[in-house]
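Okay, so here's the structure we're looking at.
Residue numbering begins at 1 within each chain, and the chains themselves are lettered A, B, C and D in the order written.
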Amino acid sequence: MFKFALGRLLQAVPVLLVVITMTFMLVHSAPGGPFSADKAVPAEVLEALEAQYNLNQPLWQQYFSYLGDVVQGDMGPSFKYPGRSVNELILSGLGTTAELGLYAMLVAIFIGIIAGVTASMRPNTIQDYVPMTAAMIGICMPSFLLGPLLVLVFGIHLEWLPVSGWDQIPGDKVLPAITLGTGYAAYIARLSRGGMLEVLSQDYIRTARAKGLSEFLIIGKHALRGGLIPVVAFLGPAFAGLLGGSFVVETIFQIPGLGRFYVQAAFNRDYTMILGTTVFFATLIILFNLLSDMLAIWINPKLRQQVRGNA
Amino acid sequence: MTFHFKGCNDQHQTSLSNFSLKVILAFGVLLGLAGCGSPETNVEEGNRTGVLHWGNGTEPQSLDPHIATGVPEHHIIMALMEGLMHKDSDTLGPTPGVAESWTVSDDGRVYTFKLRDNARWSNGDEHNAHDFVWSWWRALQPALGNLYAYMYFPILNAREYYRGDITDFSKVGVKALDDLTLQVTLNNPTPYFLQLLDHYSMYPVHKGTVEKFGAPDERGTRWTYAGNLVGNGPFKLATWEINRAIEVERNTFYWGNDDVKLNKIIFYPTENLTTEERMFRAGQLHYTNEVPIDKVETYRAANDPALKLTPYLGTYYYRINVNEPHLQDKRVRRALGMTIDRQQITEHVTKAGQLPAYAMTPPNTRGYYPPVGLSFDPEGARQLLAEAGYPNGEGFPTTEILYNTNEGHRKVAVAIQQMWREHLNIDVKLLNQEWKVYLDSESNGDYQISRAGWIGDYVDPNNFLDMFICNGGNNRTGWCNEEYDRLVLDVAPRAKTHDARMAIFTQAEQMLMDDMPVLPIYTYTTKHLVHPSVKNLSENILDQQSYRELYLEGSQD
Amino acid sequence: MLSIPEPQRTNEFNNMTSLLDVKNLKVHFHTRNGRVKAVDDVSFSVNAGETLAIVGESGSGKSVTCYSLLDLLPKPPAKIEGGTAMFDGEDLLTCSSERMRHFRGNDIAMIFQDPMTSLNPNLTIGEQLIEPLIYHPDKARRQSRNIAKCRAIELLKEVGILDAERRFKSYPHEFSGGMRQRVMIAMALINEPRLLICDEPTTALDVTIQAQILELIKKLQKSRNVAVIFISHDLGVVAGIADKILVMCNGLAMETGNADKIFYNTEDDYTKRLLNAIPEGAKTMVNRAQDKSLVEVSNLRTWFKDYSGSKVSIVKAVENASLTIKRGEILGLVGESGSGKSTLGRSILQLAPTTEGTVTFDGTQLTGMSNSQMVPWRRRMQMIFQDPYASLNPRMTVFETLAEPLLYHGLANKNNITEQVQSLMDDVGLARAQMRKYPHEFSGGQRQRIAIGRAIATKPELIIADEPVSALDVTIQAQILDLILDLVERHNLTMMFISHDLSVVRYISDRVLVMHHGILIEQGDTESLWANPKEPYTQNLLAAIPLADPVSERARMARI
Amino acid sequence: MIPNDTHIQSDKGTSLWEDAWIKLRKNRLALIGLSLLIFLCIMSLLTPWIAPYGYEEQDLLMGATPPSAQHWLGTDIFGRDMLTRIMWGGRVSLMVGFIATAVALAIGVIYGAVAGYVGGRVDAAMMRLVDILYALPFMIFIILLMVVFGRNLLLLFFAIGAVEWLTMARIVRGQVMSLRKQEFVEAAHSLGLSQWIIIRRHIIPNTLGPVIVYTTLTIPSVMLLEAFLSFLGLGIQPPQSSWGLLINYGVETMEEYPWLLIFPGIALSLTLFALNFLGDGLRDALDPRTSKD
């Protein structure tokens, strides 16, 4: 297992390098500098600023010095927030976004699997159509619509939950988690339904039935393990995507997360911040894909032994 | 042959779906419980404990008064620091700040300030005239990248020092005669100078702290962080959580501490207007930084006292790129100007009590009323256009309105596009660009007509009119007129009396409006939602609050 | 009331004492195709300690019959239209599903055809074994894990799993097919059922294993005096163990009677057909082998790298194989699953990468050729695959499938392609009308005909047939074999015929190679090899062949 | 599953598509979906002639009004007729939805198929590239596109296609990896067919099922993505509009003028469900294994 992981991580290095390089080129060729403002910036000030952030050096020089810093784990200073380092900013947002993502994921998995399994038990009946239709809507319901809807219902009219914030008012984490989780719940529902149908058609399920096991055991013990493999495969990319895509929710609910930094940085042309967040998310994507693969291996005894046997 | 089991026996069916049903219910209940956590809203709690919850727009970039540029920063710095002078929150006339009294020489060029002896920094340090000299020296270091350095330029030799023409700061017109006496010498009599002193770019900073965290002219050191920052204002910085909230609490060393009523102010970076408005409705905010256009109407209809609309010292206008071939002719520009039905726009599009603007400078800017040379006159406009060679808009090239991506701008642009089509029968396209791209195109003159806005830094026509001097950094229209420059830069400052000065500005603005490189559209209003419990709130054209006067009274709803 | 008489082994139908008594069972499938009478008015009974064999080809409804007893049919489409199935006094067809669970776990156990797919790959076999005990339908008889485990291990030993304690914790994929089937049997017996239903339990297994499993089942039945219903498509298999036989075809019971009657004096034509279809005896046609060889293989090695996991392990599929195939001959290649016979075939066709050694085709060395270089040669050598379901592209009609090679190799053009395909279809005995149909619309036999058609389309000289009939019913199998022989005749093909079924190989091939663990251990003319096999392995193989003759079968079983 | 022998075999054969059509006609939901889509397409084709008003005709004095006799779906804040706006918006949305998805489909399927079939190092390399593209900052990418190429619909398709094909490629790859092991592919190989022909004729057609399903999910999300891009300034500009944009604006005022959100929302969800039904129908119809009658 360890070797397997190590190999995959090594593969990641060139990927990251390319990502950094391409992003670097992208941001520096994008119009509008980090310091342009609607109030005209006097030439002398601009010079002072660019000098301070080495933007007056030739591009390749900037590139290599940046690479050097990144290798040492220093993402450089933020242009937008003077005095704040990118590491500092990312850290400040990471915890929140991770927590948000985690809750959203829990919501997604919980609702998704229940819906999917329920549907798979009686395909092409009402018990299938209802959750699957809901899933269809869930998938295509944009969070910029779902969020406000939830807020109006639970926040404004029912006054059950706070309409925004994070860790400021008890219960303010519920709506964001649901808003962010729903789309993924829908996907998971579809996946787990598909997986379960597949497994339920297997011979060994018939064997289990012939053994006189209760339907509950058959589903819970024999079917789920196999049936959820597609879900597991989906989890990794999903979680990464969830972190990256959290910015809409973070904006709607005023959550101090990474997603907002990611987008704001782009708008502010905060070069170091863009690069920092991009690299960070790229790493996340790679890590989570790896994790879900390892999980998939762990679930499947055959693969598990192969890997263990060989590593 | 094998069978594929897609269905199962009913009994087991239901048993399982029952199960999942239960779980779902349980989950729902869970959510419910999680929700019913806070019986008391922020506002109610705040009213009890004297904590003001303030919607502040965006996350401040920096709290260093010599670096910060934005309005959100302004608000927080106003709470943390103070200058020599204050403004009366209603009349905006000068009132004492750190200086308890001041005298002006007869020629109006020498100001002498007497500082109060009980002024202290928030860490208890002595606060005296030398702080100002040092701070202003710092503010004029080019390396610091102070965008508001020009605020100092009325001071003798300040500009020269800043440009590096002279290197000896002692030649600059700032002197501490003794610990509590500060003397400032100006180039010309500058009637609005006292106002500038209340602008945060002229606030003093605490030498010890600044130097503790880096060189005086080093940009963005950590001295402004919570725990480090030392100010001289009514409040001191308690916590600063990025994108979450900034808390300031009573500064016990403040000379006027006894009159300060609030114990704490929490500034929220409320970027999303709709969210901010919902937060207000849910009782999470006392005060919102903005109000979504469509909500304004709702509150008005219900004539809800919470809605506060106040004229704002700012003009929303369109720049015209006078270098565009078909826009070089001022008749064309005037025609465009005359076919914008500003009444309709303010009443049906912006809908927040904005005033139709027919000149750059807002009316009653320190007693200045701009000349009225412009009106909604489609007939005349068509004539002008015809004279310019486009009878009934024929042959008029497709013209593009550039605006930065934003709902409000889009709406105005859509309306104007339609008006021009209707009245001038010309083809108009809209082009929205992401903010930085928009700035880029605008400053490169890479546009035809572009949306713009200007908010005054201080109350004086000068602040609006010196924008359009030849190649002025904020001109960006390519319009240039030596006579205009002479009036604004040379003649006006030398004017002996207030009225004479205003007359010159009127003349200048007349010239500007004749050539019409810009199409004024409306005068801004500030839109806030304010909880009735907030008292002593001042409504002025600078949208400036003095937090030391605000107080909360048990909510009345 | 009289005491119930001891159920004694008897060949009369004694319904009074029979454990299971099925009367006029009717099962229909209601599908969009309309109603299909899967089981139509079938009656039979089985007593304790007795073995009833239900014999029939796929689609005969033999499995449906048994599944319907345990309510294992998908409903819909299946629907039990009528009949009763009394299991000591209770009707299985109408009882509640709670009751049914009780029967399933407790009284009636089932063994399924494919041990590979019938065990849950995600659970240890131990876990699966003890489930019937620890989740026993009636709580009273539930047992603790530990007790269950002891019971399971003891059973594993009984069914002949060595080192049972350790194996208890292993996963299915760590067992061979035969071993898995033993586990299945143990699982079936763990609650000491009174009726054991075996659905083609040996079809997926090699001959030698098959013999062992049959033996095991018979032994267990004796020791426990359970009733057994044994489903099979192969009369040969049941000859040894069946007391009574029920022959089914298209849902109808063709004939019922005790084994000897069925085998020795049946009146029923269908039964006769079945019996005749069993390949027996030597090849009837002349050996057309010429002297000059078409293919020469010398010291061929095919090793696979097993990339699964992070370290690479090597599988020696074919080890040092040398052989020649003479023009016109049919060379049989026998061996059990995993012996590497398929790989050898593929290596000869350069479909599997060879590690070492040479393959020469018609004087030209193929080994080391690039794909593009191979193209002209591929036309001259073709392959027929085992599984006619998997080897045809489900999205291509017969026409497309057959036309593809013709067009690609320029053997036909747009204008005459249709005729070409039609004549090809005639060759392999497919109705021209079916030209536009998809594989799934055909039966296994017909599909194999399509596959064969595709193989001969390019007018090849060599065909390697990899188990071409092992997935087919006996009668179909016979037809296909004859077709192959016929085609070999008419197109004077050279063929390498790979199979695990010795009777088939004997029936079709002139010369035979025996392969074991990747090594060719013995070869020779078919008949002489049959007469006196040298290698002990070969001897076992031959000994294990089931005969469609109850008397000698019982005798043979007794011998083992 | 029904034993093959009991199959009722009609002698008249058909091609994959005729066959699919025959089956599709039997599937009521799919038919509803199909006709709904056709209806929408015709509507948007005819819009310029049948739209009750001009899409830019304003009446500022009237402003936003709820549905009425003159304006069946009400008017927006400029007093523009919503029905008209939605019809015109449909033109854009449907076009973007279909073309952009088609682009993504083409790239994704081919890329994924090749990667999955060739496998080994090539596959690894190709997939790393996908990872990289996943990781690049979309926002900057778009802004750059906008600046470099100016702003037009084609670019929009390109931008969206460039994002959407990645997932498609992954899905197809997975499919192909399993297909490649199948005997019929080996058979094709043994016939000496070239790799490309095998991919085209034997691999890709068998990936149709999941691809179709994913496509039906992609189209609506593409429509929403279009809204986001138009918002950034890439794509269409006012007074033109699209469903995505209308919904975006509608959300802002969902309390004051709910109809500005509801009606475009309905339009989009209708399309969504139509697509979904049709998609599932097509998947079954294109799978010869499902019975025809």
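A few remarks follow.
By definition in this document, a contact is a pair of C-beta atoms (placed from the backbone, for glycine too) under 8 Å apart; a residue touches a chain by one contact, two chains touch by 3 or more.
In this text, all values refer to a predicted model and were calculated from it rather than measured experimentally.
Interface comparison, B-D versus A-B: the higher count of C-beta contacts falls to A-B.
Relative to the centroid of every protein C-alpha atom shown, the closest chain centre, again from C-alpha atoms, is found for A.
Of all chains, B has its CA centroid at the greatest distance from the CA centroid of chain C.
Centre-to-centre spacing of chain B and chain D amounts to 44 Å, using the average Cα coordinate of each chain. Centroid to centroid, with C-alpha atoms defining each point, chain A and chain B lie 36 Å apart. Work out the mean CA point of chain A and of chain D, and you get 24 Å between them. Chain A and chain C have Cα centroids lying 49 Å from one another.
Residues of chain C found to touch two or more other chains are 58-59, 72, 114. Shown for chain D are the residues in touch with two or more other chains, namely 3, 143, 147, 255. Shown for chain A are the residues that touch two or more other chains, namely 30-31, 148, 152, 203, 206, 209, 214, 267.
By the touch criterion stated above, chain C contacts chain A in their complex at residues 70, 72, 101-106, 109-110, 112, 114, 117-123, 131-132, 135-137, 171, 173-174, 184, 187, 308-313. Against chain A, the residues of chain B that register as touching in their complex are 2-9, 11-13, 15-17, 19-20, 23-24, 27, 31-32, 34-38, 42, 59, 61-62, 64, 67, 69, 142-147, 149, 162-163, 219-222, 224-225, 241-245, 268-272, 274-275, 278-279, 281-282, 284, 434-437, 439-441, 443, 452-453, 472-474, 476.
Within the complex, the chain D residues that touch chain A are 124, 128, 131-132, 134-137, 139-141, 143-144, 147, 217, 220-221, 224, 247-248, 251, 254-255, 261, 265, 268-269, 272-273, 276. For chain A in complex with chain C, the touching residues are 3-4, 7, 202-204, 206-214, 217, 221-222, 225-226, 299-303, 305-307, 309-311. Those residues of chain A lying in contact with chain B across their complex are 30-33, 36-42, 44-45, 48-49, 52, 77, 80-84, 89, 92-93, 110-111, 114, 117-118, 121-123, 127, 148, 151-152, 154-156, 159-166, 168-171, 173-174, 178, 197, 200-201, 203, 205-206, 209, 214-216, 218-219, 251-257, 260-261, 267-269.
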